[in-house]
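You will see subunit A twice below: alongside subunit B first, and alongside subunit C after that.
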Partner chain A sequence: MKTKIIGLIILFILVLLAFLLSISIGVVSIPFRSIVDAFWSFDGSREQLIVRDVRLPRALVALVVGCSLAIAGCVMQALSRNDLAGPELFGINYGAALAIVIAMFVSGSASTYLFASSALLGAALAGIFVFLLSSLGRGALTPIKLVIAGSTMNLLLASITQGILILNEQSLDTIRFWLAGSLTGREMETFWKVLPIMAIGLIGGLLISKHLNIIRLGEEMAQGLGQHVFYIKALCVAVVVLLAGSSVAIAGPIGFIGLAVSHLARAIAGHDYRWTIPYAAGAGSLLLLLADIGARFILPEQEIPVGVVTAFLGAPFLIYLAQRKERAT
Partner chain B sequence: MSANLVILLLHLVTGARSVPPLEAIRTVLSGSGEYAFTVMDLRLPRAMTGFLVGCGLALSGTILQVITRNPLASPGVIGLNSGAAAAVVAVMILVPTFPMSRLPFIAFGGAAAAAALIYILSWKKGTSTTRMLLIGIGITAMAGSLITYWLTVGGIFRVTQASIWMAGSLYGRTWEHFWPLLPWLVILFPLLLLLARTLDIFQLADESALGLGVRLELMRGLFLLLAVAFAGSSVAMAGTIAFVGLMAPHMAHYLVGSRSHRRLPIAALLGGLLVMLADLAGRLIFSPHEIPAGLMTVLFGAPYMFYLLLRSRTL
Partner chain C sequence: MIGHSMHTRRNKGTVGMLLLLVIILVSGCSSGNNGKANSSNGSNTGNTTNEASTETSSDTRTVKDAYGDVQVPTNPTKIVVLDIGALDNLLEMGIVPIGAPSILAAGDPYPKYLKNTDGIKNIGSVNEPNMEAIDALQPDLIIGNKDTHDAIYKQLGEIAPTVFVETLGTTWKENLKLHSEAVNKQAEGDKLLAAYQQKTEELKSKIAGKTGTAVSLFRPRADKIQIYMKATFAGAIMNDAGVVRPAAQNNDEFSKDVTEEQIAELDGDVILWFDREADAFAKLEKSSLWSSLKGVQNKNVHSVDWEYWLSGLGIQAATKIVDDLNKFLVK
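Showing the complex of A and B:
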């Protein structure tokens, strides 16, 4: 108990450090003093403008998106009792992406409000579909089947997205950067709009963490313990949709944070979700902040979208899990 | 077979300029006449290429399903498509001057590399199906992230071209695409039929197959190579057309049972039929816009995949 609290505090300090690092380093590196001054005694110098308008929004977005995706991944893994679950493998990210592409195609505009609302809607539809798929049919789907169903879903959604984009070159041009999952050029305005939705999701995630422990035991067991399984499951889906949908709305589909961080959190904090979820939240933020810093330096001339970085680091992790899983069964 | 001919005929007849059916047949047989250009140079090669591509994908899918003993295996699921797509997009974006006619080689190389990678990674004292599927999904994700990255750096013209290629289109396929594809099938298909009996043995458990004196891993490697050759050459010509390799073998199984020497030819014919049908539907439904054939197959194939997942008991 005590060590876990200390662990959380250390994690929090690490996240804070990464956050400051993310503000200070980049093409122009900014000394720590100027960062402090930018908030307390703003004088309009170039460095301070960079901090306030470019670096700070970016770091904040990385912070909340990483945290949300990690919690969404944790909840999904507990809900489906599947170690390979995550918003990226189950089509939720692409559901949001497709909804945005359709909304842009139909309305012809690219306002932030449109982005956010259609992303939420798309994520919700995809999330509900996965939920239904995992509870319909002859008994529960096995983990492997669920993963394959998710990847089929991804293929379907991605193909439809592609089809719409082929018909409309203009939206392809505006949306391809967003589709890669990037944190650059985010405005504070979008951030503030999505933040309340995310906050509800985050608080919800923390509140249901206690029930996740029981859900993970299995349906019959949870019912025997007097839980309203259906309501809890529905609540879990709602939390996942809010978190993943709003993340996609600000940052585009960023993969594998949800998948990888849940495993890390469980490895550190054990299987008690009251601890796993806070740990996952911290670790998710930390990982995405670091990935974003890394994305600025891999290729010197240009920035790589952070979604590409996380997928490239995360996919080998999935392969590793696949190999380990085989040994266990 | 006759269904194939009907669809082929429909292909020739319909489109922006419609041709009377009898005229179409006469043109194909004689090679000249009023409609010669439309039929012989535009529509016939396109349909024939589609047919061959479908055959290749279906054969590849059948082989994979048998050797992995898994009804869910198909060239797309184990990551061949994404390997080819990543290779092609890379070349299209990074080397803009690269001639389009050489792209098939690149695609084939990509597919082969992805297959090799998956095979090596899932090798652990023999291969296992589930591991192969999962690693395939992992490789697909990595290839996908590379593709999105390249799509963000390329010029918009190239990016559009690349997305159309990835969607698996038969648009503008000519005899130039047909002839290079033909030898793959003409040479490899009889070879495959010769090996059909060995392929049947894979339907037994590993132990019994070993008992019958089959060198299991060697044969599995050989069949995998054949599957890659079929799928790779098809993907090279038409881009990634998904789910044909999944559906055609199932339909063939339903029609003629599981004996490979009968199932393989039927699967090939059905695969050709599916691709031509998808291309036809894609041309007609939203005309004058064309929906790439690969998109149509996904629209129909994905629900089928969900159905399979819900129904099957294995895995």
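Showing the complex of A and C:
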């Protein structure tokens, strides 16, 4: 107990350091003095504007998106009782992508706000549809039905999205960056708009963490312990949709954070979700902040989308997990 | 079906999951490349190539293109062009091709700066020409470029003699020469180039020694800003006209991608921009950093037409670029 609290405090300090680092270093080098002045004695110079209007929103977005994706991943893995599940397996990413493509096609506009709102709507619709689909029939909402419904929807939505994009090369050009998952050029405005949604998801995630322990034991066991299994599962889905949906709305489909961080959190904090979830939240923010800093320096004088960096880090991890799982069963 | 899968063992479910993940990953990764990959289906290699060479030599000429010598009709009348540079050049030499592609998506109208495009049949897009549409037109000459259309070169050769330039962009003058040879209008081509030369020399002498004329050129995009350096079509023309570029852009490369953080690299006495995406510029203009640029403070920001600054790649586009530069730099 005591060590776990100390661990959380250390994690919090690390996140804070990564956050400061993310504001302090970038493609353009800015003296430390200007960074401090940007907040304490702002004079409108270009360097200070870069810190306040480019780096700060970006670091904030990395912070909340990393945290949200990690919690969504934890909940998703507990819900599906599958260690290889991630929030992206809920049809959420491609639900969002399809909604964006349709919105762009219809309105001809490509503003960040349009992207964010249609992505959120698409993600929510896809998530709810997957939930309803997997609740049908005998043995309501079993893990395997959830995963099958989610993967099928994801593939279906992906192929429709790509079909539309092939017919319309112009939107392909515009949406390509979004599909990679990126944190550059985020605006404070969009951040404030999705923050309430994320906050509800985060609080919800912490509140259901106790029940996740029981859900993870399996349907019969949970029912035997007097849980309203269906309602808890519905709550879990709502949390995943809110968190992953709003993340995808501001940053695009950033992969592997949800998958990898839940494992890291369980390895450090054990299987008690009351601890796993806060640990995952911190580790998710930390990982995404660091990946985003890396994205600025991998190519000289040019940034790459952070989704590419997390994929590079995450792919070997996924293979490792799959192999370990194979041996365990 | 779902009911059946429920009874399979968890182990299998996991393998299935992994497979699905891989499929999703692969499909996710490949989604970025769809624009280009599809045109490379030219596996039909073993067949006969240019049959035109069997025609009698009296009504053909020899032209040397990117692949070597080609026999072309002395006076081709039914020409299909595969890129906008060739369309632009041919129209300027008074020849209306029977088929030409759209820049982005098949069926889009031809660039507005080009006149006399009525009656030209659309043959798809520059990146994905429609072979059936080309074949149906029964052309007697096809003009393309090796860079974009290498994969379908052999197949095109079965339809009609082909004249391919090496690539598009900075090589546009050589391209114009080859195009004029292909359509037997060499004198016309030389005349056009001489006129262009004179135009650029005039501009050069007008701005020589003038200060405050460094021109920044970039394209705001959804997630980045693409600076157009000297090795682009527009960059080469500015170079011909002696237009100075800001230090950050005075570079023999094609382009460089920057983010808002590197906004200083966008600065110039005169700021020119074009975009294909709606809203990309509006977003940049809204940012607080935008007004920290010198060109913005001096109200010397102009949008230019991407159809000829970016995608024209022929003599008419080049001339229009010089006209624009005259407008912005000589006052």
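By definition in this document, the second predicted complex is superposed on the first by the 290 of 329 C-alpha atoms of A that agree within 3 Å, B and C clash if a C-alpha of one lies under 4 Å from a C-alpha of the other, contacts with A are read in each partner's own complex, and residues count from 1 in each chain.
Simple rule for what comes next: a contact is a pair of C-beta atoms (placed from the backbone, for glycine too) under 8 Å apart; a residue touches a chain by one contact, two chains touch by 3 or more.
Worth saying up front: this structure is predicted, and the values here are computed from it rather than measured.
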Touched partner set for A:V54, first subunit B, second subunit C, both or neither: second
Contacts of A:Q302 with subunit B and subunit C, given as first, second, both or neither: both
Subunit B or subunit C, by number of subunit A residues touched: C
Touched partner set for A:F312, first subunit B, second subunit C, both or neither: first
Partner chain(s) touched by A:M153 [first = subunit B, second = subunit C, both, neither]: first
Contacts of A:A249 with subunit B and subunit C, given as first, second, both or neither: neither
Which of subunit B and subunit C A:A180 touches, first, second, both or neither: both
Which superposed partner A:L172 touches (first subunit B, second subunit C, both, neither): both
First (subunit B), second (subunit C), both or neither touched by A:A322: both
Touching partner for A:G163 - first (subunit B), second (subunit C), both, neither: first
Residues of subunit A contacting subunit B in one complex and subunit C in the other: 84, 88-89, 137-138, 142, 144-145, 147-149, 151, 155, 159, 162, 165-167, 169, 172-173, 176-177, 179-180, 255, 302, 305, 315, 318, 322, 325-326
Complex contact set, residues of subunit A against subunit C: 26-28, 45-46, 49-50, 52-55, 82, 84-85, 88-89, 108-112, 137-139, 142, 144-145, 147-149, 151, 154-155, 158-159, 161-162, 165-170, 172-180, 182, 184-185, 187, 253, 255, 301-303, 305, 315, 318, 322, 325-326, 329
Subunit B - residues contacting subunit A, complex: 72, 76-77, 121-122, 124, 128, 130-131, 133-135, 137-142, 144-146, 148-149, 151-153, 156, 159-160, 163-164, 166-167, 242, 289, 291-292, 294-295, 298-299, 302, 305-306, 309-311, 313, 315
Contact set on subunit A toward subunit B in their complex: 84, 88-89, 133, 136-138, 141-142, 144-145, 147-149, 151-153, 155-156, 159-160, 162-163, 165-167, 169, 172-173, 176-177, 179-181, 255-256, 302, 304-305, 307-308, 311-312, 314-316, 318-319, 321-323, 325-326
Residues on subunit C engaged by subunit A in the complex (per definition of touch): 2-3, 5-6, 10-11, 13-14, 17-18, 20-21, 23-25, 27-28, 31-32, 34-35, 104-105, 125, 127, 221-224, 256-264, 276-280, 282-283, 287-289, 292
